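Please go over the structures that come below.
Presented sequentially are two complexes of chain A, the first with chain B as partner and the second with chain C.
Then we have the complex of A and B:
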């Protein structure tokens, strides 16, 4: 706890080099790209949804299309933390813990501003940094001055096809803050996401993703969805 | 084999042509038989998880093979098979291994008992008898009665056709509806907004008023870099026209993230977000 106390005092000029070896700049953050190690990793993303009653058909098709691995299920609790500065948009970090596999490390994720790009790029691209952390991550973030903005439970299925990750999951709202015991589904659909994490500039991947998305039509329409449009 | 195909005054060339076309026919009939067998196998053994598309596939295959066979028979190059005469030369009550093999065990002997059945070119005697009865009956009808019967038959056929067409149209549109209902674009937007911005997730205000101020208020206050006027405008919009507010604010030109974050909080407070 002494470490975190010291960090709390230093939160204005936050430079957390010692922490997991990643550099992060707090406000104004938007001006500074966040890099994971030496390579700038980007997440390519396509999103869509499927109604509950068509979930089985989609899973069936994914089992056929994806790599021959044991199809996995997951149940995660994601908490989104904000660190606000005096100006600029707040700095957002996402902490995720597995509910069904409690021994797994927590997962801390930074996502940058999504870029739509032009028509030639078929997927949404955003900067991303992924770190595995210990289970006292939440205390650490709160001590640093982050505030919990919202949280949800994601429960669903995960598939892999080459470098592509396909997740089909339902989002649940927490009825009591912080307690995952009573949850309520957000909608009657499952969110479907196809993503690839790759070094920046590998737009060929988006082509591959589009081809894969074509194979899921008309069951699911995976698109690059501009988050600004759905707000 | 004891059967020989003989054409009257057939030349060498014609005979060869006949042989070729018979070979082709045998092949095609063999293919047809194979697909029939596999279809029957499918029906008998996989009926539990047989899907309609796969049954349709099998039907398509069969009908394709049948039509090729028909085309082949009608082809100019195929000699008219009806001009060929097949006569049994030897009948034997003994078991014939060769015929057993070519008929796959269906015909063990080529005797006087089975030959009339297999080489028959006319309908069965019972069928012939029935046909004769029908012909005499038809001849006895007066033209008036026949006309009436034709008319009623036509009427029935047309009403039946209408019914079938109607059914077809309905099932088609039903199929379309089913296709469309696998996903809902509105749900996609809602879910993406939820994972990206937490829209509709902060359920604190409706459940507990105590927690609400912690979750919502400082949050929107923190975003308020554009001044209080904007907040008031957005709040009144959000409360007066709950559904409309989404449309109004998604218009381009509105300040991006801050506005909608405020809207998010208002929306979740003023209405149940789980609304469809």
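Then we have the complex of A and C:
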């Protein structure tokens, strides 16, 4: 190793240190609410799960109830990035890419703290920002100081009914980090989610969602599940 | 016993099987016979068989009967039995009694008749019918009893019949129910149904096909069982019926027409024409399938019209579109109006004005009506296909290209090109413009072809064309010289606003939609054709072309295009023909003679030598209309032939 090399290494390390120091000094995590653009979009969510055996009947039901679109399947790879500040909860971003349609843009998503609300609201509501990004998102996030927290593969079916999105999917664990070639199912059940993204304050939607959930009743019970309580 | 012996041939002996009746057969086979009755016993037996039930005379009546004594002559104990004997024990008792009572009756009758004969104490009168009542008693009883039994019987019968009809009705009801269910199943195969409360509602809207029309388009399925059982069930009876929203009843269509500027703006929007002959409705209610299809068609027409009127209001154009009631009026070209009207008639309303202006149906552009339907379906499909499922699944719904806009850094023009879509109205106006332009072009060419015989004009229309473009090939020829005069071949590409003319040599001329432009252009081409034809003819005839010009700068100015001219000389060079042909001024043909042939040429002192005789002389105009020949080229050929010396 020559002197110049050593010098360059030293320089790089200092630069990284400086970067880290900078992030440590001024954490981007703030109390300010995150909003995408001018309209504050909220995600209304209901969740449930079905066992593998009853998947077919649920799908059959959904095909009957949902819009007449070609039934879609998907296989996505989701990575969750964290940016830890000195105080407060870490800032979480979810990057998702489609494995079966690699030409589609990546999807970066910020989800806020879920609000349970009172009994009159039938769905979980959380702040949400959706951005379509190019495929070098991961490098960008890592450069910004984000750290990969966990990743998984979601594989399942997607339906649409009006503005409602219904996804039925199974979560797979990656055996080798970063490689989606070898995956392993986490459980013997499928996760069912009904979600609507709409501007804030439209509680009519939650009513609509509850009606839809009622129609799926014997097959799957969709509820608003507080993630804090589950933990 | 033996048969009669008179027959000579065969003697047959007949014997009774057994003279004595067998009383009993013993175990050893011996038969014990009943002793035959003797004569008196036999007689008594026979007498006992006589039935005298009809009469029973008084037993105490005295007086012996001689006949009775005769009968009983064989019986010695006749008189003693009268008192002592039990009647049943004495076989002749009943006979005697009856005979005696008969005798009494006869005696009485004899006495009565004697008295009546005297007519002193007794007379015989015809008996009136009223005398019967005292005798009626027994028949009334009989009647009552008969009636009673009959009512009992009828009661049982009625009960049975009731049970039977009930069971028949039940099976029929079951069958009907089954029919309803099977019909419902069939309905379910073609239409979307759902159960709300105790009703079955169906959906006839195009929402599932991508329509965004807010009409709910629901129909109700009704069980059609309130039928009069006594009446004959009609053949087309269907246990299932549908209730269609009242605003979708009847039938509808869209009328698209292009007219000259409307004479009066006052009657806009009041068009309520329904000229299409309604299919003769059958006496029974139509089948649910036809009913639903008709309603769906009405819905689609309404949707198209709503979409068009929305666009008509939104789109800014130089001449604003007018939407009045059920009519949309647009002005594609000056002095021309395109009207799209929604014609909806419900069945209960009869033709309101059966003799509405007659021309209105004739200018109905079925092609455009059809295209409107096609366009709305395309629009539906676009709605459906534009919202594909998002990938990755967490992404929001929406246009795929809009999502790509960010990561791929679209610029402004790319984004605006994404958003801008041509509306239904714009498309249909463009199509109408094209159709109009095509029609007018055809008319112009046809009128020219019929007006002008020489040269001839031929148009070859292509069968297949686009909604916005079609093409026609125009050939200008002279009759009889089609092979040599092929100079003018034009390809007319008729677009939406303009006509693009492509020459054979590749020149392109763009004409506007004005009719006059095309006509002038074709006229000038025809005029040029004549000169071209002369050129071609000269080649064939061996003449030489001295000069040729498509656009002559000399002579009178033509109002349309330019005159063209050609000069040719005969093979020997003696004669020259000069032709000038203008679209307006027509043709002028001059012939130049050799100097020697000109008699009246003033003798010049300078040109004394013989060789100067070969110089050309002055031009002389040919009186073209007096020439023989049916067209210009033929005349020219004759002229050239005449001027070519035979060698």
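Please note the rule applied: the second predicted complex is superposed on the first by the 201 of 231 C-alpha atoms of A that agree within 3 Å, B and C clash if a C-alpha of one lies under 4 Å from a C-alpha of the other, contacts with A are read in each partner's own complex, and residues count from 1 in each chain.
One rule holds in what follows: a contact is a pair of C-beta atoms (placed from the backbone, for glycine too) under 8 Å apart; a residue touches a chain by one contact, two chains touch by 3 or more.
Keep in mind that what you see is a predicted model, and the values were worked out from it rather than measured.
> Putting chain B and chain C on the same copy of chain A, do they fit or clash?
The answer is clash.
> On the superposed three-chain arrangement, identify whether chain B or chain C touches more chain A residues.
In the superposed model, B touches more residues of chain A.
> Once the shared chain is lined up, is A:72 touching chain B (first), chain C (second), both, or neither of them?
second
> Looking at the overlay, does A:158 come into contact with chain B only (first), chain C only (second), both, or neither?
Touch status of A:158: second partner only.
> In the overlay, answer first, second, both or neither for which of chain B and chain C A:97 touches.
Only chain C; A:97 stays clear of chain B.
> Let me test your reading of the model: by the given contact rule, A:63 touches which partner, first (chain B), second (chain C), both or neither?
neither
> Hey, which part of chain C ends up inside chain B in the overlay, 19-27, 37-45 or 163-171?
163-171
> Going by the contact definition given at the top, which residues of chain A touch chain B in one complex and chain C in the other?
154
> Mind listing the chain A positions that touch chain B in their complex?
Residues in contact with chain B: 47-51, 53-54, 57-58, 80, 82, 84, 87, 89-90, 147, 149-152, 154, 171, 173-177, 184-189, 191, 218-221, 225, 227-231.
> Of all residues in chain C, which touch chain A in the complex?
208-209, 384, 387-397, 400, 403-404, 406-408
> Given the complex with chain A, which residues does chain B contribute to the contact?
Of all residues in chain B, those touching chain A are 179, 181-185, 187-204, 207, 211, 215, 218-219, 222-223, 225, 249-250, 256-258, 260-261, 263-264, 273-274, 276.
> Which residues of chain A touch chain C in their complex?
Those in contact with chain C are residues 67-70, 72, 74, 76, 78, 94, 96-98, 100-101, 104-107, 109, 130-135, 154, 156, 158, 160, 163, 165, 167, 169, 197.
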